[in-house]
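Okay, got some structures for you below.
Presented sequentially are two complexes of chain A, the first with chain B as partner and the second with chain C.
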Partner chain A sequence: MNAVEVQQLCYRYARKTEALHEISLDVPRGAIYGLIGPNGAGKSTLLQCCAGLRYAGSGSVRVFGADTRKRSPIVAGVMTYMAEAVKLPARMTLAQLEAYIAPLHAKWDGALAASLRERFALDPARKVGTLSRGEHMKAALLCALAPHPTLLLMDEPFTGMDVMVKDDLVRGLLASATDTGTTIMVASHDLTELETVIDHLGIISNAKMVVSASMESLRARFRRVHVQAPSEVLVTAGHDTGWLGIEQAGRRLSFMADASRTSLVPEAMQLRFPGAEVEFSEPTLRELLTTLAGRAGARSPLEMVP
Partner chain B sequence: MLTFAVVLRPGESPYRQVVYAATKAIVGGELVPGDPFPSVRELSQALKINPNTAQKVVAELARDGLIVVQPGLGTVVARLPKGGTDDKRRLLAHDVEQLVVEAARLGISREEIHRAIDSRWQAVVASTDARPTAGRTASGPAVSTPRGRR
Partner chain C sequence: MTWGGQVRVVFVKDLQQVWWMLALLAAAMVMTVVRLTVTQPDIGDSFGWYDTLLPLLILWLVTAVVRSDPPAVSTAFWATQPLETSAVAVAKLLQTVIVTGLVIGGVTAILRWWGIAWGDVPTTATVTAIGTMTLAIATAVFAALGANGRGILVGLVLTLASLLALGQWLPVSPWRLSGDATRALWVAFLAADVVILLRLYRMREVSLQWQAAGLIAGAGTVLCAVAASQASSYPMTPGVVAPQLSMTVDPIPATVKPFTVTLDGLVTPAEQLVIRDATIRVVLPDGTSRVLPVLSSENRYAAVSAPPAVRSPGAAPQPRQRTLRASSPLNITEWTRLRVPGARVTFDGTIVEFAREEQQRVPLVSGVLPPAQPGLQRELQMIVGDTALLATITSRWFMDQRARTMPTALGMSTDLEFRLVDRATRAVGERLDAQSSGGFGTLALPGIRISDTRAELRPPQRLLGSASDTSWWSAHEIAIMALVVRRVYRVHAETVVGR
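Presenting the complex of A and B:
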């Protein structure tokens, strides 16, 4: 059973255009799933639907097999959710906040809370309102991890954080994923933080899911091809349906090749560009995002991505 | 924090990069047989990589016989076998052929390729060749890097 199963989810804010259109995705148990996409694509709405904070207009969201409409995953104690720019009660000390939250969770782990406090160098006697932004975020992560969630949803946890805070947050997440197998779904614009951490990727653009797959399968399927030709090359878009995001400047050409539609055998590329130097690299998240998200509105060959 | 150096770059799978770095550290003598090898948790934390990736790295290195996982005791660097088996030579033959084809295409002579291989061999592996089997007395660029010990 997957941690999260979303099927044909549509969501519409009152009298506005659709915020989510026929979204389907699976988050396997134990995965760290990165959700990326342009501003306004629908990432936050999708996370809120998964958290059971919004209900689908049509389609379904299941968390560990249970429809969120029938059983709220937060109330059931299997999930914690860190909202974007989360605000904790300013007048409480961290110790008071922990004491306040603990009884709300069946599996609140005081020892884990203490060890996270130490890891994040947080003083329990400090008032939450006096914490810096980074410390505030660490305190929020402490509150999200100490109840031992089976699933943790995070919306833009890294925004505005310095690199040291990001490192602490990421290491805290990884420790929790390693020690208790917590499934994590994180929406972020911070692609460099996600790059090595996630093992599943969802790209959402313009209310539609462009791709949702394991990083392993994406790395096998897409390759960035760099061609340095002996003379100027002319390639027009649509020349080969498996070539995406074509960039060219004089004798240099680079594009993303989709192995399910074009040959990625080096010899084949050498034949296509005689006398050229051809190099391959695995796509970065940034390259995947810019190449695939741009195509969502258009007649996208990627809409049938499994 | 880690006992060997890895600098992850985007554009190549973290899994392959870490396996390569660990393999290089072991054949290069930066890690010697019996040295503790980082756990899945340590690898994941130190490199900020997905725990499933770290798990795959450990499994791959263990399958290749470069490390030995001792349940309850931790993982240690294994003793490298003397002389490759036929299987391993056959595996390498493909890489050697690619190197020869690429060299011929670029007009690099046989002698130049030999020299290049010798010089890389010196840089990466030579310190282990020179080392007496008993101890870690060898010096060289690969071994002189500071490392944390438990």
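Presenting the complex of A and C:
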């Protein structure tokens, strides 16, 4: 059984604006699932649906097999959710905040909370309302991590954090959380930080799921091709319909394509680009995002993916 | 954690957050208690801006409590914690109980100071409790609407506008509910408020329909509370009395003419009669009809045209034939249209009969009078050296539900009558000329009404001069006579405009 199973999920704001359209994805237990996409693509809405904070118009969301409409996974105690725009009680001190929520969580780890507070350099006597944006996010993160959740949902957890803490968070906390079996689903724009830890990726664009797969399969599936050749060769060769994210500048052509395409075989490439230097590389997260999610004015990513 | 445990955790958290607001509310309540007991202000200073302090504090506090954990906001912190939605809503409602408890504590102290027996306190305190709960729960519903708390502003504006509209519309509306029906509607709106609040906490996105329902329920609760506080509850006499009904023609030409009906054939020993909640229905020969509300200067209560009874002091009133007139002002065009031959006129209303009873007999000595009834304090001040003015009597009293049946609650100024009593013979004698002034207010919050009156007593014409003599004073007493409700009954009468 997967930690999260989303089937044909549709969601409309105020029954009008379509925020999610037939989204399907699976997050295996113990995975660190990265959810990326342009602003307004529907990442936060999808996480909120998974957390049971929004009810799907159609389709289903199951967390550890249980329908989130019937029982909120947060209330069931299997999930914690750290929202980007969460408003912590401003008049409370951090110590009061911890004292307030600790009894609500069966597995609240006071020692972990203290250690996180120290690591994040948070003063327990300070009122939450006086914290900077970054400190506010750290406090929210502390509240999400200290209960030792089975499933942790994080929406833009790195917002406002300094580089040291980001690094610490990514390499230390997320890694150790995975070691203890916690499944993590994280939506972020911070691709550099995500790339080092996620093992599954979902790309969402214009309310639709472009791709949802393991990083391993994605890296095996796509190749970034860099061609160095005289301009006339590049012009003569033209562009293949299966090429994505084409960039051409002078003698250099770069594009991404399905690695299984026969046209990417070195011999075929040499035939198409006579005398050219051709290099293949695994696409980065940024390349996958910009290519698959598409830029403004690009064709629908779903149409572009072979 | 159990559901009850969750309620406790949220409730304690809120208490820790708003304790200083509760302390402010408690301080305001203590000030109210002191003001209405130890340092009683003069009439006219009793009720003013100060009375808005407690409601405003309650409004502020309840809004803060609800907005600290707002419903239907997916980024609200409570929503990311393992909390049942109903537990959060109930914890918020419990804060309204705390607020109500504070108010009841203060009210009880005031009532006890004013001599209300412990046994009578719960009745009055219950009215205050429901009034306070109404304000607090309606505020909670308003505060729960919208993602940014704009609901509280919209709700308050809507409520105030509705109150103004109700004040204009109700007096001329034929659709007046009885006191019991208004109170039943009030309770229904309160229940709806609670259901809507629970529902709002369950919802992830509040639709326009639910926002409208919240606004209507919240405003409706306050409106019903106000309407119920003005409605009277009488022990109704079963059955319907059907006196004769006739039409009178106003001989004075005017642009605004009263459409008047006269009720004949009421035989009663009552000394005052009041028509309440009455309507005149006119069905024209062509089948069209018009319902006219019966108006008076007090809006809700029809003018009394029955002359006061004249009887010997101390003698029991005798039944006598009464004639009551009820009218509705119309412009001349409408008046002419409705008064056509063959039009059928129906009158329906309630009649309250009052009889005068001796309430208290007091010597002509300046000082605080012994309480004639719980919650009533009177002070007599004899006037020295003024032959025209004998004394002044100031009264303040707290009216509970039962006291609403008193004529003063109906806006009647002839509530009290003062008669001279010969101390030697104990005989009740002449009536003193009394000029009364005063006003109504509420005891800090809706529920308990306070009445202040000041009566200037003048001796009868034949005693002018002698009544300023202190030896004459010691030979006399004053009997204070009050009107009390004797009977309340429905009246139905019909007639046809003559050809």
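Here is the rule we use: the second predicted complex is superposed on the first by the 262 of 306 C-alpha atoms of A that agree within 3 Å, B and C clash if a C-alpha of one lies under 4 Å from a C-alpha of the other, contacts with A are read in each partner's own complex, and residues count from 1 in each chain.
Convention: contacts are C-beta pairs under 8 Å (C-beta built on N, C-alpha and C of every residue); 3 or more make two chains touch, one makes a residue touch a chain.
Keep in mind the model is a prediction, meaning the values are calculated, not measured.
With chain A as the common reference, the superposed partners chain B and chain C fit together side by side. Of the two partner chains, neither chain B nor chain C is touched by A:F64. Once the two complexes are laid over each other on the shared chain, residue contacts for A:V170 go to chain B alone; chain C is not touched. Contacts of A:M82 after superposition: chain C is touched, whereas chain B is not reached. When the shared chain is aligned, chain C comes close enough to touch A:M92, but chain B does not.
In the superposed model, A:W243 makes contact with neither chain B nor chain C. In the superposition on chain A, A:R224 contacts chain B only, with no contact to chain C.
By the touch criterion defined above, A:I74 reaches chain C but does not reach chain B.
In the superposed model, the angle subtended at the C-alpha centre of chain A by the C-alpha centres of chain B and chain C comes to 150 degrees, rounded to the nearest 10. Of all C-alpha pairs spanning chain B and chain C in the superposed arrangement, the closest lie 26 Å apart.
Residue ranges of chain A in contact with chain C, taken from their complex: 13-15, 48, 51, 53-55, 74-77, 80-89, 91-92, 96, 100-101, 103-106, 143-144. The touching residues of chain C, counted against chain A in their complex, run 1, 5-6, 9, 13, 16-17, 68, 74-77, 79-84, 204-205, 207.
Only residues 30-32, 167, 170-171, 174-175, 177-179, 192, 195-199, 215-216, 219, 224, 281-286 of chain A touch chain B when the two sit together in their complex.
In the complex of the two chains, the chain B residues touching chain A come out as 8, 10-14, 40-41, 44-45, 47-54.
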